[in-house]
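Labels run A, B, C and D following the written order; every chain starts at residue 1.
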């Protein structure tokens, strides 16, 4: 009976942590959501030097509170689950683990003066944001559309890269000797990507007439080419969309208006102009 | 009878103010439109220091004229309406009220030297532009498409924000120590948003080779991802569009122009070129 | 007979100038095309100060040659046409006239030192490019799609303008006192338009944390909103496209695979599974 | 027999070089792919002055190794092919030749001090990237969509160029006398293209109020217009897409899964749930 009780306690916790259809489960989810957002804001504020110097204690204590709460959550998840190993090595398991340890690690490394390692640790805490993935739901159409058009987008990216390498090399030759930032081919390729994607920082911009002429051609031609990913995703998405519609409503391919049911074999899907049942030959009228 | 006359006067004014199918109503709408536009231009000109100093009197008097006219309009709307309370606390009622009061308030606050409060008041007058919403009509397809894709766009925005936070943190590490503007994670996240949306101010731009390499990946991959909202709105809009078409015309799946009804079996859906009833064999002519 | 001959000469010239199906007509069109392009390049080169000073004579003589050729073309068009008045006051007539006169006018104004007038005259010659409209053909789908979505795009532009005015005013308050370029509301509205359209020059960019935060919201939300014109044009264009397809090929709604022809009444469009002719009742097999 | 053996050797090599369905053929393709990528990276690194000075020997030797391997590949391709002339003057033949010679040529030109010629030669090696075209496959939908919408995109580009020339000329007049970069019409046209394509470097940006006003109009109106190529490509691509679907699967209008053939009348297109032949009444089971 004690085992049974223990089981019940475990099951209840499982319901709270992994499901969201009980009041307690909903509260758990909301608290977790707020914790994640708070921890991200903390990491961000820590990086603002003026703020970090002023409020060092506040940041340090808050970080410890969040770390401890995440630790409790992580341990609870392991205890509650039937196959702990499967959870620990799942995507969410790894994210949860990495979200918890940075502060503990910083405790050990604090003595050493390896600032870069500390930076990287602080960075890792930003990935806590991936815990939010739980709240998005994986079955949404956007992801499906992206996944379905993966191969096509890869071909497109490959195509754009080839164009950018060639254009970068050409612009490197054309703008060499100018003080316009085309100091090497890699930098020129970077410029070509910035231009083709219409981002256009302006940190590197052609200074010669010929360079500006070539850039103009790139932009205009490129604008036509760059419309392709939109086309791919639109088509893929609209296809997905209508597929779903079909499953929910009915296949488009054959819409029968005839709602007659054969009085003999109770078959329903007769052609609109059928007089006799296709299945048993019974007169439909 | 006097009450009846009074009623008529109220009804006429209601027609002028709230409807646009009488000549007087049309004139009222056009005058109001011009007044709103004029008041917006006034606020804008007031903010141009060189202009404001030169033409202080002109701006002050014009603003008083517009404020008084808006006051008359606001009072008239309250008098004319059957349920004044409902109007006063409606969206348009609040906008009309806020459009009217700033100048009156500035009259009182002028003595004090609270310039910030004055600024905020001047700002409020800009929201008069919301009065124009009345002229747009709420039932247009654009709004419907946006409203229908609200949830999807929210998921997308959420998704973009997660990417931007992670990228911002990565770039903060990579570009730290450089004079390229990545001074904190929030600023880096701002940069990531500017880059992913292809705005690309260039006030913050990567200076290291690694930073430029990461940026290039962001831009190219991001370009594919960012095509999604266009896809969503296009599909939603085209769905809206064809829904409307269907209601107006007829189901696409089978369009029969033949409206003949069989005199024998009263069957309706004959092919356009049918001479004999498909169901009972009766001559249709 | 002399009149007849004169008529023939006129008719032949008409064919050469206005049609392109004779060899002479084609040559005329190509020469005109080259002349227009040459005249545009001349105006452009004239504006490059270093070039204009070096090659003043070349530019002056070339411009006179082109002006005289355009004059001959203009006079020829008037003589040849049946209703000269109708041509003169048509779109092309006005463009042709304005393309011809600038150099003549500059002859008169040269004495006076009104440089601004001269500039405007030089500018006018650029509009010769509109003569190229003749070669595009007016019945293309692009124009139809744009014309069909005119009203929707107007509503959209109106909507964007309202957003930009409000955002401009908000940013003017937020960034006031900073050296970031938001010196007046009109300038801030200009910035908002530059940002919402994802152009992003960077000549004006937010410097405060709050300003960058608001900008980020504008960009992300704005990106979703700005996808609308693409949606509108895509739908309108694809509608246009399928309309044309339908007319050319056949209605999509009903595709009959049955190619049998009734031996009695020679009717063709039988249902795929018909055994008897729907029109005359003749057995199809 | 010796001839036969030689033939076999040739045939085997042909299979390795031109096909990818044998293990050896796959290895050849992967090695070639890596070689091309390596050679592109070499050219890029060579352009980074700091790197090139440090690692001159490494770059020189690597370049020679790659050049020799490409030479072997080129000669092998010529030997193996049945019609060497046809290969040599084909697109791939020319690309392969140009990919091989630069280093040899630099050997001869090294003595002379013609640095520009050397630069151009280095550039040529970048075009080795075109060898990757072999791996993309020519029959992908993207290319088809682009090819199908070629004419429409040309009209669009022509249209954009006309707008840009006019806008450039107008902005040149408006911004003349300012230090904002509109020093000549060609530069202003360059600016108009940068703006209309939403790249927006910011190296040239309007400084006057009127200039900013005109720019705002350009951006907003332009945004609507510039949506067109996306529309064109989307429609063309989605058309391509559904065409392919149709060919692969069957006409959408009627998809029958029933592949039974009536043993009596050999009729094929029975409904999925048919028990009796619709044509002759024969039992299908």
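Basically, contacts are C-beta pairs under 8 Å (C-beta built on N, C-alpha and C of every residue); 3 or more make two chains touch, one makes a residue touch a chain.
Since the model is a prediction, treat every value here as computed from it, not as a measurement.
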| item | value |
| --- | --- |
| Recurring contact interface, reference A-D, options A-C, B-D or C-D [over half identical by residue number] | C-D |
| A-B or A-C - the one linked by more C-beta pairs in contact | A-B |
| Per Cα centroids, the chain farthest from chain D | B |
| Centre-to-centre distance between chain B and chain A (centres being mean Cα positions), rounded to whole Å | 29 |
| Where chain A and chain C are represented by their mean Cα positions, the distance between them in whole Å | 40 |
| Where chain B touches two or more other chains, by residue | 156, 186, 189, 198-202, 230, 232, 234, 238, 253-254, 278 |
| Chain B - residues contacting chain C, complex | 40, 43-44, 47-49, 119-120, 123, 126-127, 129-130, 132-133, 136, 140-142, 145-146, 153, 156-157, 160-161, 186-187, 189-190, 193-194, 197-203, 226, 229-230, 232-234, 236-238, 241, 252-255, 271, 273-276, 278 |
| Residue numbers on chain C that touch chain B, as the complex places them | 152, 155-156, 158-159, 162, 165-166, 169-170, 172-173, 176, 183-186, 189, 195, 198-202, 205, 209, 212-213, 215-216, 219-225, 227-228, 230-232, 234-235, 238-239, 251, 253-254, 267, 269, 271, 278-281 |
| Touching residues on chain A, where the partner in the complex is chain C | 198-202, 230, 234 |
